[in-house]
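Order of writing sets the chain letters: A, B, C and D. Residues in each chain are counted from 1.
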Amino acid sequence: MLDLLWLIPALPLAGFLVLLFAGEKLGKSGVAWVGAGSVGISALIAGLLKWTFLTSPPEGHHFTQALWTWLDVGAFKPEIALYLDPLSLVMTLVVTGVGFLIHLYSVGYMHDDEDYSRFFACMNLFVFAMLILVLADNLLLLYVGWEGVGLCSYLLIGFWYKDPANCKAAQKAFIVTRVGDTAMALGFFLLVTQLGTLQVQDLLERAATRWEPGSGMALATALLLLGGAVGKSGQLPLQTWLPDAMAGPTPVSALIHAATMVTAGVYLIARTYVIYTLAPAAMAAVAVVGALTLLIAGLAAFAQSDIKRVLAYSTISQIGYMFLALGVGAWSAAMFHFMTHAFFKALLFLAAGSVIYALHHEQNIFKMGGIRKQLPLTYRTFLIGASSLAAIPFITSGFYSKDAILYQAFTSEHGHFLLWLAGALGALMTSAYTFRMVFIAFFGEPKTHVHHKPGWVMNFPLLALAFLSTVGGFIELPHFMGHAQFFADFMAPSFAHAAGHAAEAHHGAGLEIGLMVVAMALGLGGIAAAYVLFLAKPEIIEEKMKSEGNRKLHAFLFSGLGFDKLYDTLFVNPYCWIARVNKRDIVDLGYSFLAAVGMLVHFLLGLTVTGRVRWYAAGIAAGCLILMSVMVFT
Amino acid sequence: MILVWLILIPLVGGVVAGFVGSRNVSACRWISLVALALDAALAIGMISQHLGGFQYESSKVWFEEFRASWIPVLGISVHLGLDGLSSLMVLLTLFLGIIGVGASWSEIQERAGFFHFNFLWIIAGVLGVFLALDLFLFFFFWEIMLVPMYFLIGIWGHENRQYAAVKFFIFTQASGLLMLLSILALVFVHRAGTGTLTFDYSELLGTQMLPAVATWIMLGFFIAFTVKLPAFPFHPWLPDAHTEAPTAGSIVLAGILLKTGAYGLLRFTVPLFPEAARSFAPVAMTLGVIGIIYAALMAFSQSDLKRLVAYTSVSHMGFVLLGIYSFNEFALQGVVMQMICHGLSAGAQFMLVGALYERIHTRDMGKMGGLWTTAPAFGVAGMFFAMASLGLPGLGNFIAEFLILVGSFQASVPATTIAALGLVGATVYSLWFMRGAFFGPNERGWTIVDLNARELVLIAAFVIGLVWLGVYPQPVLNAVAPVVQSLEKMTQPVTAALLRS
Amino acid sequence: MTEAQFVALSPLILVGLAALVVMLAASFKRSNGLALGLTLAGFAASLVSLAWAAKVAPVQVTPLILIDRLALFYLGLVFLTGAAVALLGHGYFEKRAGYRDEFYMLLLMATLGAGVLVATTHFAALFIGLELLTISLYALVGYTRTEPRSLEAGLKYLVLATVSTSFLLFGVALLYAELGTMEFGKMVDLIRQGGHRETLVNGAIALVGIGIGFKLALVPLHMWTPDVYEGAPAPVTAFVATVSKGAMTAVLLRLYLLVGGAIPDSVMTLLSVIAILSMFVGNLLALLQDNVKRILAYSSIAHLGYLLVAFIAGGNFAPEAVTYYLIAYMATSLGTFGMVSVISGREREAEELRDYAGLFWRRPFEAGVFAAMLMSLAGIPLTAGFIGKFYLLAAGVDMGAWVLLGSVVINSALGLFYYLRIVASMYAAETSAKPGAAAREVALLGSATLAALALCLIWLGVFPAGLITLIRSAVLGV
Amino acid sequence: MTSVPMDHGLLLAGLLFAVGLAGVLVRRNILYVLMSLEIMMNSAALAFVVAGARWSQPDGQIVFIFIVTVAAAEVAVGLALVYQMFKRMKTLDADAASLMRG
């Protein structure tokens, strides 16, 4: 059964090729069937493999399917091979599962778009690239998926290419992620030079033997890989591209910029966790990056007026939590939060998509208002998603995953109080801005008229995701609520090495409960604050906004804390300026200057040829004089 | 004897096409196509004999050899030889030759006979360069391929073709003469050492000479090949030559003529002067890195499509220079891959831009924009080759650049990091290429005919080539392995093989 | 005059005889074809007689003339070039009014003068040969009297040539006063022994150098070349550019072989400076010229600069390099100026670059030959010029004359620029055809010679081995 | 009779040569230029005679005769050219004949 593994990525690829070459001929329904169908079947196979994994796990809890040798240069022999273990299985499940739902949703959402087949072709290509990334046996193949995903996000962000702003956003996304990829590539070169292979398992085992903990090489590699992860997952300092990426259609934002691609960085660090355990400084760096990003993104989300940008910043913030978890060594907690986040964030995006679809592409929450009554289903599913994001205790999956992270941040060996504090503050901000969005968008009097209500094809995915984002949390309960740690046990084999170090230091249930209570209080407090400020007494905000200082602060937050302006002044403008100034290529001017000198000398010499006989005779006489003097006197 | 036929067929084909062309235009196209196809068949037949099944008997250094005396008085002989590296180059040359003829099917109408005469003589000259094993013969072919290229650019080029053609000719010719001086110096040093006057490559290989002398002689070779490569300070001729050349000219110029520079470095500069090359490595690598970054910046600043693609070639060739002077197996394998993949991707991009020029009669990106709407097939092809040129994994260029950077990482880490920035630069100019031509609103309301069958076949050939090299490059790596290993052994001390520690 | 001496001298005698016969024939019946026939017969006879003379080989005919293998080789070269010029002249003058027979007579006289120059080992004979060549050239340059520029060129050449000859004479006089002999061999031995007033001898050598330098148009003495080449009718320019320079190079070569390597380095540096200056001045002045004949004039100055490099470099390659380069240069100059004469129209010569616009498409054969000739001047492979330049560089590298070689490289780049400028105008779009400039009817004979020249050029470029062995036997056999 | 030392003769020839050269450079009329040329040729001839006398060999005088005959031939052709020039350009100014320059 397991050797059906290669079908999972092959199907979306086949879908892409069919749509690319025969897209127009298939007609809308044909395209929908091929597009959504291929991902659906992959999801089924993934489910089957999950079932076989649970019932009769292969020995050593991993299964490698080698297809062919890719390169053979000296000692370096990477193969095109797919590697399945709990970590990659979870990722595959999420990618194909959520992916299928989003494909289904976009059948309805994109129905009246003329480039229908191109959309599904790119979406299928994206799923293929993401699966390759997740199932890659060695980092070189992972890099293929990594760049493929980057390309697809470029294609899909710039899907409506007629609007120059979209093209700019797509270009920005690709270039910023490419900066991160270059750092990662450097990490690969270091690995190939030092350890001679990029095959993940050999890599980790050789690293463990050759490098003692805290060695410079481990630190350098870890930081370089972190560079790549930061680029792709939109963390500090390379997070500026994610908010602009909302220029793409909403299903794209849901699939790529919420559920799957942006978590590729988390997967990379999780996959190469041994290197990070060997370099504690690097883990600390990961944690700090996570903490800072979640705070910055949280602040920025407050000032956004576009519903999708609020969700984008919240995505950055939630991935910040995952980085925080990875930083403190809570590998399975990070992956657990990844899974739950994929569910509720996809749900939020799709629901927002329905709202936008209904209000004829109106994305500004201040122009929405009062959708509660007009779109009851969308409102309810949006509310479930929002509560899961805000981590409403006990009933939402978000609560369990975020709580696990906060607990680990506090108690684990690499954890630190400040990290926990940042996480807690983040929780407060998250619930506040989430419910700000809910109150402004769904409550109050309706401003724009609802055109046409989304069909069942768009509602079913919303329901499915709503179910998942509530039930999803129950498979991993905190210790004191019974020992249901299915997820952690399932993930254990992937992090075999780490199991030895992070022994579960039981600080007793008391501490755990205490921390949970604090987290709950912050969450609910956030919701209350949002209620007061944005629904009950909105005039407080108007009054505050009068003062110049606040308005400037609001603009600063709106621009994502000024990172865009910073990078423009530091990198983009100088680069463009040099390009504009040097269009004529200085070196070329140098050569033309030489030619000009030649022409000048030609002109000067020309003057000596006057055409008069006596002048020529004078020339001979002068020549004779010089010759005589040289010959006689030397 | 096959090697001589390999060069003779295009020569004769050219002459025949030239005569027939004046009377019947379409006939001469078919003649040149047939000539090249015949040549390609011959080459493939011969090479597959030796490289069949992708194993190679590494017993003989040269698969095929031909020797005849030419000027015995001066020790000059017609000595042709074929090994792994040159067989790949021969195949690339013939492949791009056929594509070139295909691409110029509708573009060249007036004086087609003379066009195909020149075109086939360029191919013959380049084949001669790749096969020559006698330094005089190498220089002979090195200069021969210039004259028809000059006529190609000068007669069928675009607006200021005279300037570009003369500039191309003088740059290459002057540096060629420097190389002639180095060849003569090498020959006379060899004669002083061993008393025999000969220009034969294998005999000149082991000449002993003082390091200072070796450096000066090596410099002559280096300058000639880096002008042709083109590397940083000597590159200004390329953008002009490319912008003004007709499509077939650009394809051949980018696809093969640039590779003669890299081939020269691999075949002559490094093996003939290993120590001098080793001591010169830092300078060469710096030039390579500057070339990558500077050309990427310049590519981004261009508004003329062809100049943009020309500068991208300079940037890619910067990688080649960096790879050659890292002297380890990774980098050298990467260099050979880059030579082939860049030949394909740059050739394809030039063909596309040529086809575009045929339709909208401008290369200025300012006047384009939004072509995807009227010509989606064009857009997809443009996107594919833009991705190839920025080194998207899964295509040949990525394998090449990855191997080069891994190799150069072992030689010098700072150079590699800066070169890696070149990858970001590559992304910037590739996306600029796409946004300039295909994306954005269609302000000028272009309605152009999409790619026709002939062009699609050519593009398919390129796509298959690049994907095959990206997914299964092993045959190429096996073919070149003996040459690369011998090169690495020659310059052994440099690598200090961190890998093996 | 022993019988052997008579046989040795037969080539020169036959040419002189031919001149007389042409003169007498002109008085009976003036016809272009007849005069040409007689001239060619004369040249053919002398070429055949060379074979006989070769059997007798080194014969010292009176202290003035030494007929050795070197002399015979150069005599052959001079006579062949003379014949070619005669053929070109026929086509050129056929189209024009005016007397034609005198051209052949003067041509034969000039070639005889050059022949004497080539075979001389005595300054007196050198003087006679030089004057015979130069005076007949005065008339030849000013031959088309109706054309003011031709007259002006003739006069200029007369005044300047006479000035330089008198310098030469005065130098020889001083040498004779000091050494007591005018034989090259004896003089070289006496100077090598020393014991004379150094300043006087050096000064005298400088004066003689001026005389020789004028004829080779080296830098300080080059100013006459552009005007004379432009003014003179095209076939005559071909003659001046090839035979007069070739003969003087033969004299220089003979002196070089006698002196051997013992040239003081102060003289060497002087010669180097002159060579480099000639190259640069020649090439730089030709860059933006519009008159094809002036471009070729300046390029010939530069080429003599390259030739001098071979002399200065010295070493065992030098004589071969000089001879091969000279042959290549002579063949190419004949070709280029021959092309100008073939293309020229009835009233006006095809001098302007405009006249050549679109020539590739109007007359592909001539344009192709002209392009090949220009490529040979530029030193592009497949042509004799390339092998010549290769030899030159070989001689230079052999003796390590890096400064000279560097300037040769730079100058060949400069040279490329204006050669390609002519080629570019030839294949440029065809502008409106000028009446009269490019004649419709093609001088068949002229084209035939050009075809022969082009073929020989390509042959020497691709298979030089034969000629090299011939040169080696001639030059080293001395 | 006391023989005149050779150097004096050579000096005289040198002076004559200089005069001739100056004549060529300074005079504008073409006829005077031709005359100066004659002076230069004869000064060289004189030097030869003096040299021949010193070495008491006939060579000097033989070359003298050569020079005289050549000079005559040269003048003949020169005058012919000057006549044609006068017919065409109606002037004897040497600088007028400078149609070709640059």
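The rule we apply is simple: a contact is a pair of C-beta atoms (placed from the backbone, for glycine too) under 8 Å apart; a residue touches a chain by one contact, two chains touch by 3 or more.
Quick caveat: nothing in here was measured; it's all calculated off a predicted structure.
Trainee: Which pair wins on C-beta contacts, A-C or A-D?
Mentor: Of A-C and A-D, more C-beta pairs in contact link A-C.
Trainee: Per-chain C-alpha centres versus the global one: which chain is nearest?
Mentor: Of the chains present, the most centrally placed is B.
Trainee: Compute the distance, rounded to whole Å, between the mean C-alpha positions of subunit A and subunit C.
Mentor: Once rounded, the distance between the two centres reads 79 Å.
Trainee: Find the geometric centre of each of subunit B and subunit D from their Cα atoms only, then give the gap between the two centres in Å, rounded to an integer.
Mentor: 66
Trainee: Rounded to a whole Å, what is the gap between the Cα centroids of subunit A and subunit D?
Mentor: Distance between chain centres, rounded to whole Å: 97 Å.
Trainee: So what's the Cα centroid distance for subunit B and subunit C, whole Å?
Mentor: Taking the mean C-alpha position of each chain, the two centres sit 43 Å apart.
Trainee: Tell me, which residues of subunit A touch at least two other chains?
Mentor: Within subunit A, residues 606, 609, 611, 613, 617 contact more than one other chain.
Trainee: At least two partner chains per residue is the criterion; list those residues in subunit D.
Mentor: In subunit D, 21, 24, 33, 94, 97-102 touch at least two other chains.
Trainee: Applying that definition of touch, give me each pair of chains that meets it.
Mentor: All touching pairs, sorted by chain label, are A-B, A-C, A-D, B-C, C-D.
Trainee: Which subunit B residues qualify as touching subunit C in the complex?
Mentor: Result: residues 70-74, 111, 136, 139-140, 143-144, 146-147, 150-151, 154-155, 162, 165-166, 169-170, 173-174, 177-178, 180-181, 184-185, 188 of subunit B touch subunit C.
Trainee: How about subunit D: which of its residues touch subunit A in the complex?
Mentor: Contact set of subunit D toward subunit A: 21, 24-26, 28, 33, 94-95, 97-102.
Trainee: Residue numbers of subunit C touching subunit B in their complex, please.
Mentor: 361, 375, 378-382, 386, 390, 393-394, 397-398, 405, 408-410, 412-413, 416-417, 420-421, 423-424, 427-428, 463-465, 468-469, 472
Trainee: Along subunit D, where are the residues that touch subunit C in the complex?
Mentor: Counting only subunit D, the residues touching subunit C are 6, 10, 13-14, 17, 20-21, 24, 30, 33-34, 37, 40-41, 43-45, 47-48, 50-52, 54-55, 57, 59-60, 62-63, 66-67, 70, 73-74, 77-78, 81-82, 84-85, 88-89, 94, 97-102.
Trainee: In their complex, what parts of subunit C are in touch with subunit A?
Mentor: Interface residues on the subunit C side: 155-156, 159-160, 163-164, 167, 199, 202-203, 205-207, 209-210, 213-214, 219-221, 223-224, 226-227, 266-267, 270, 281, 284-285, 287-288, 414.
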